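In what comes next, subunit A is part of two complexes: it sits with subunit B in the first one and with subunit C in the second one.
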Partner chain A sequence: MAVAVNGPILSLVGLTRRFGEIAAVDDIDLEIEDGEFFTIVGPSGSGKSTLVRILAGLERVDSGAVLLRGRAITDVPANKRPTAMVFQSLALFNHKTVGENIEFAPKMRGVDPRARRARALELMDLVRLPEAYYARPVTRCSGGERQRVALARALASDPEILFFDEPLSAIDYRLRKMLEVELKDLHRETGKTFIYITHSLEEAMVMSDRIGIMRAGRLVQIGPPLEIYQEPRSRFVAEFMGEVNVLATGEAGVDGAGWLVVRPEQLRPLAPGEAADVVFEGRIVNDYLLGSRKQFHARANERMLIGEIAVGAGGVPGPGEPVRLGFDLKDAVRVSE
Partner chain B sequence: MRHRISPGFLAMLPVMALIVLGFALPILLVFLYSLMPPRTFSLAGDPTLANYRAAVTEGYLLPLGWSLGLAGLTTLVCLVLAWPTAKALVRFAGRFATLATILIALPIFISESVRLFGTALFMMPGGGIFAGSLNALFGLKIGSILYTRTATLLGMVYIHFPFMLFPMVLGLSLVPQDQIEAARDLGARPFQVFREIELPLALPGITVGTLLTFVLSLGANAEAAILGGQAVIVITKAIEQRFGYAQDWPSGAALTVLVILVTAAVIFPVLRRVDLDRLIRR
Partner chain C sequence: MSGTRDRLITALLALWTVLVLVLLYVPILSVVLASLANTRYMRFPHKVWTLDAYRDALGQYTTAELHLTSLKIAVLVALIAVLLGVFGALAFARFEWRGRSLYQRLLLLPIFFPQAVLGLALLLAMTAAGITPSWRTAVFAHLVWVVPIVTLVISIRLYGFDVAQEEAAFDLGASRLQVFREVTLPALSPGIVSGGLFAFLLSWSNLPLSIFTTGSDTTLPLWLFSRTATNYSPLVPALAVIATGASVLVVLAAALALAGWRRLVARRSA
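Entry: the complex of A and B
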C-alpha cells in the first residue's frame, strides 16, 4: 500500500506501558499530522512524560506500535530515530561550550567541523543567540539562553519531529510568555512537527494546532484549542481548563443525570426583575481585578460560584452584599462524566 | 593589643602536628640516610651519592622495573574490569547494588595476608582447593599457576580492585542520566556516549581510582611473596631486605627515595589536571 504523502507523520496504535500495576500509558491510539503543533496536557502523573519518552525511543513499550510515516519504529533505538527532544531539565552538556552543544548531533554523524560551525551559527541566529556566545561554556548562560541552546541543539540534528517535555515549566512568567510566542513562530518558520508536553492548558492554548488532554494514561479528549475550551466532554477536562463552575444537574433544576459546566463569563449578576434559566440567590465573598475583566466569587446554596464581567459593564455588589446570579442553559455545556 | 589567632588555624594544628611528626620528619630522615656512607647507622657521616650509584649498578633497576610493570598492568586490568562493574552498580542502584557493594567491600576488612594465603591454598597444585576438587569430582588433573608471574598479577588485581571500583562508582554517579539520554536522542552510538559524556564527566573518579590502585600496587610486596614465590622480586621486597637482612640502612633509604621520586613523577602531572573538589563537593 502506498502511503499518502500528506498522511499522518506519526501513528500510535494501542500503545501501552505499565510500571508494576499502574499503566502509565494505557492503550493510546493517536495520529499526528505532518507539520502539526500537537500538545499533550495533563496533571503530573498522567503519563504524558512516559508517552513522549516512548515516542523518542527512551522508554520501551509493553504493547502497541509507533509508526513513522507508516513504518514501525517501535523497537528502533533513540539514536536512530529522526526525532529530537528538548528535555524538562534541558540536559545541556555542562562540560561543553554553547557551540559544542549545538554541534553535538552533526558531530555524531561525522559532519566536518567547518560545516558544523556554519550550521551552529545559523541556528544560533534562528533562536536569537548572539554569535559571541559560540565559545561560551553553557554553565555561564542564563535560564533563557540555556533554553535557546537546548532548542538549537535539538534543531541541529535536523529532526522530522521535535519533542518538548515541559521545557518552560521552570521559567518565570514573563520569559515564558515570550518563549511561547517564539516557539510558535519557530514552528511556522521550520514547518516541522512539534509534539509538546505541558501541565498548563493556558500554555497549550497559546501554541497548539490540536490539544490532547491526558488523564491516568489515556487521552480523554483531543481537539483544537477552542473546541476543548468551548465543548469539554467531561468534568475533568472542564475543571482542568481552569476556573469553571461545575453544577450537578439537580442543583440547577435540570432533569437527568450529569453535570453542567458554566464558564465564569457566562454567569452574570442579574438586575432586579431580570430573568435567567437558572438563578442563584447568594452573597458576594470577594472580587478581583484581572486587568480588563473583574472576577467575583459568590456563595449560594452552600457552594462557591465564580463569575467574570468586563470592567465598566454594569456593576457587581461589593463583598458581603447579597446578589442574584444567573445563566442560560444554552451557554452551559452538559457532560455525563 | 592582643594577637588574635583564627579558630581555623587552631583547628588545623593537630593535623599539622600529625603530618609533621608522622610523615614529613620520617621522610626527611630517610632522605638524609640515603646520603650517608653505606652500612653506617648514624647521620653524622659525610654526605655521598654512593648509595644511588650502587642502586643503579648493583641490579636494583630490575626489581624497580618489575614493580612499575606489575603496578601498571594491575591498574590497567582493574580499569577494564571496574568500568562495566561500576556502570552496573550505578545503573541498578538499589538492593542489587547494595548487595554487590557489600560482597566486594567485605574482603577489605580481612587481613591481606590471610586473603592471599587463602588464594594460594585455592591455587595449589594437586591437593589445592581448585585442582583437588576438579580431580575428586571429575577426575580432571590440571597444573597450577601458583608461584608464577600470572598468579602475582591475579593477586594484585584481586587485592586492589575495590580501590579502583569505588572511586569510579562515585565518578560515574556524577554523570546525569538525562545527559546520557540527550546524547542518545541526538544520535550518539553507545561508544560515542562513552567518549563524549561518560568519560569526561566521570574522569575525576576514574583518575582517583587509577592513582590509588597504581600507588598501592607499586608499594605492594605480599602478592609477589605469597603467590609469586621466587618468580618475581619487587622493589619493596628489595628495600625490606636492605633494611632488614642486609643491615644497610643508607642503601635501603636510597632505594626508598628512588621509589618516592618515581611515584611523584607519575602522580603530580596527573593530579594537576584533575579537579578533586568536584568529586568531593558533588
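Entry: the complex of A and C
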C-alpha cells in the first residue's frame, strides 16, 4: 500500500446523492492516498457508478464535499478537474482515428500538433499499442485494442487521478486477466492514483491496494484485499467473496446470535477419530479439480458445504460417499450482521 | 440440385433488378427523346431529330431565370432546414424534457398533410397576415414540409450515438462548445449531409407548395407544369432535361466541396 506523505489526495466528506427517495450515495466519508489503487466493489445498484461520477464531476451532489489535496472541488465541472475517466462503454470517438482519440485532451488544451503526436506515440508505447495503429480508425480495433486506446486517451490528459467505471466487464475471461495485470503494472509505472469500480471482488483482489465494499449507497467495509478476504465484517461481504460457507451460530452449536464465515480451505475432511470444534456428517456431492487444489461440495444437515484441499494431501471420498467434515472455531470469522 | 436452384434465383433477381431500372429510367429516357423532336405534341416515334429545342432553351432569358429562382429557393431551404434539423433532432432524440413526446408528434404532422392543402393553407394565412407571396414565402412553405423530414433523418443518427462520448470529451477538458464541435457534430455529419441533400432535392422538384406560395415568381417545376398543360412545345422536355442535369451538377459540386473540406480539416489536424 502506498505510504501517505502529503496527506490524502482525495477526501470525501458526508457525500450524499439522492434519486427521488433512494440515496444512491449515502453519507460517504473516505480518504484516498496519493498513488493508491483503490477499488470500489459492489453489486449493481449499490451506487458505485454514481459515486465515481460524482468524483469525476459528471454528477452533482445533494450534500457533502469532495476535496482534492484539501481544496474543495465539489462544484468544479468535469472539464476543469485534473481527473480522467475510462468509461464502461469506453466512449471512444468513433469518427476519429486512434491517434486523434489519444490526442483529444492535449488538443483541447491547445498543445501544438507535433508535441501531441509525440505524446500520443509515447502513450501508445506505454499501453502496448503498435505505432502502426496511430492512423487507424478506432472502429477497426479489436476489444483489447480499444481498451488500450481508452486508457491512453485518459492518460494523455495528464490526470492526477484516473477513474475506471467497470471497463473490463464486457471482455472475455483470458483477455480480462491479462489486462488486469497490465493495469496493475501501469499503475506502478505511472505512480498515479487509480480509483476503480467493479462488481467483481476477484478483479479487485488482483489489482488493489485497498478495497471498499459498497452496499446500498454506503461503504460497509474498507481495507486491504487480504484483510477483506480474511476478516469480512458482515455476511454481505463474506458472501460477496463468492465461494464461502456462512453458517448460523445455532447450526454450528455456538452460543449467541450471528453467523460463522468458514472459507473452503478451512473445512477439512476428518480421518476416523479425528476431532474438530465443529463437525458435520454428510455425503460428498461432487468434486472439482482446480489445478493444485481440489474443491468438493458436500451435503450435510440439508445444506451444502464447500471445502478445498491441496491435491495429494490425504484425499476426499468420491461422490456419493459418506464423509465427516470439520473446522476449528479459531479459523472461522464470526459476524453479527 | 441446389446449384441449379441458386442459379435460377440469381437469374430471377437479376431480371427483377433490370425490370425496376427500366421502369425507373424509361420515363426519363422518353423525356430526352421528346426533347429531340420538333412536333407540337408529345409523341413517339417522331420523324425529325433536332437540337432546336435546346438551342431555344439556352437562348431564352427565362431558362436562366427559372434555374436561378429554383436554385436560390432550394439552397436556402437546404441550409435553413439543416440548421433547424440539427437542433430539432437534438430535442427530438437526445434530450429528455417535458413535452418531448408532444413535440415529436406535432413535428411530424406537416408530413402527413397533403401538400396541396398545406400550400393553400399557407397562402390563406399569408394573405390574412398581409404578406405578398414571392419566392421568399416559397422558401418558408418548403421549410414547413422539409424541416420535419430533415429532423427525422438527423435523429436516426442520434439514436445510434453513445452519449458517453460527449461525457468523455467533457471529462477530457473540452468546453460545451468544443464537445459539440468535436464530438456531436461529426457524429451527426452523415445525417446532416443526407438531410441537406434531401432538403435540396425536395425543394428543387416541389410543385404543390410552390403553386400556392411563389406569387409572381416562377420555379422550374411550376413552369414545366403550366407549359405542359397549355402551350406545349419540345422546349418543355428540353428544359426538363437541362434542369435534371443542373440538379445533378449542384449535388456533385456539393459532394466535391464537402470532400475537399474534409481533406483540408484532416490535413490541418494531422
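Simple rule for what comes next: the second predicted complex is superposed on the first by the 332 of 337 C-alpha atoms of A that agree within 3 Å, B and C clash if a C-alpha of one lies under 4 Å from a C-alpha of the other, contacts with A are read in each partner's own complex, and residues count from 1 in each chain.
To be clear about the criterion, contacts are C-beta pairs under 8 Å (C-beta built on N, C-alpha and C of every residue); 3 or more make two chains touch, one makes a residue touch a chain.
Owing to the predicted nature of the structure, the values given are computational and were not obtained by experimental measurement.
*Asks:* After the subunit A overlay, clash or fit between subunit B and subunit C?
*Replies:* clash
*Asks:* Check whether A:181 is in contact with subunit B, with subunit C, with both or with neither, and answer first, second, both or neither.
*Replies:* In the superposition, A:181 contacts neither subunit B nor subunit C.
*Asks:* Quick one: is A:95 in contact with subunit B, with subunit C, with both, or with neither? Answer first, second, both or neither.
*Replies:* Both partners, subunit B and subunit C.
*Asks:* Would you sort A:170 into first (subunit B), second (subunit C), both or neither based on which partner it touches?
*Replies:* A:170: touches no partner chain.
*Asks:* Looking at A:22, would you say it contacts subunit B, subunit C, both, or neither? Reply first, second, both or neither.
*Replies:* In the superposed model, A:22 contacts neither subunit B nor subunit C.
*Asks:* Which partner does A:113 contact after superposing on A: first (subunit B), second (subunit C), both, neither?
*Replies:* The second partner, subunit C, only.
*Asks:* So, A:105: does it touch subunit B (first), subunit C (second), both, or neither?
*Replies:* In the superposed model, A:105 contacts both subunit B and subunit C.
*Asks:* Quick one: is A:87 in contact with subunit B, with subunit C, with both, or with neither? Answer first, second, both or neither.
*Replies:* both
*Asks:* For A:78 in the superposed arrangement: first (subunit B), second (subunit C), both or neither?
*Replies:* A:78 sits against subunit B and subunit C alike.
*Asks:* Can you list the residues of subunit A that meet both subunit B and subunit C?
*Replies:* Overlap of subunit B and subunit C footprints on subunit A: residues 56-58, 77-80, 83-85, 87, 89, 91-95, 104-105, 108-109, 153-154, 156-157.
*Asks:* In their shared complex, at which residues does subunit B touch subunit A?
*Replies:* 176, 178-179, 181-189, 192, 196-197, 200-201
*Asks:* Under the definition above, what is the set of subunit A residues touching subunit B in their complex?
*Replies:* Answer in residue numbers: 56-58, 77-80, 83-85, 87, 89, 91-95, 104-105, 108-109, 153-154, 156-157.
*Asks:* In the complex formed with subunit A, which residues of subunit C make contact?
*Replies:* It comes out as residues 162, 164-165, 167-175, 178, 182-183, 186-187, 189, 269-270.
*Asks:* Mind pulling up the subunit A residues that touch subunit C in the complex?
*Replies:* 56-58, 77-80, 83-85, 87-89, 91-96, 100, 104-105, 107-109, 113, 153-154, 156-157
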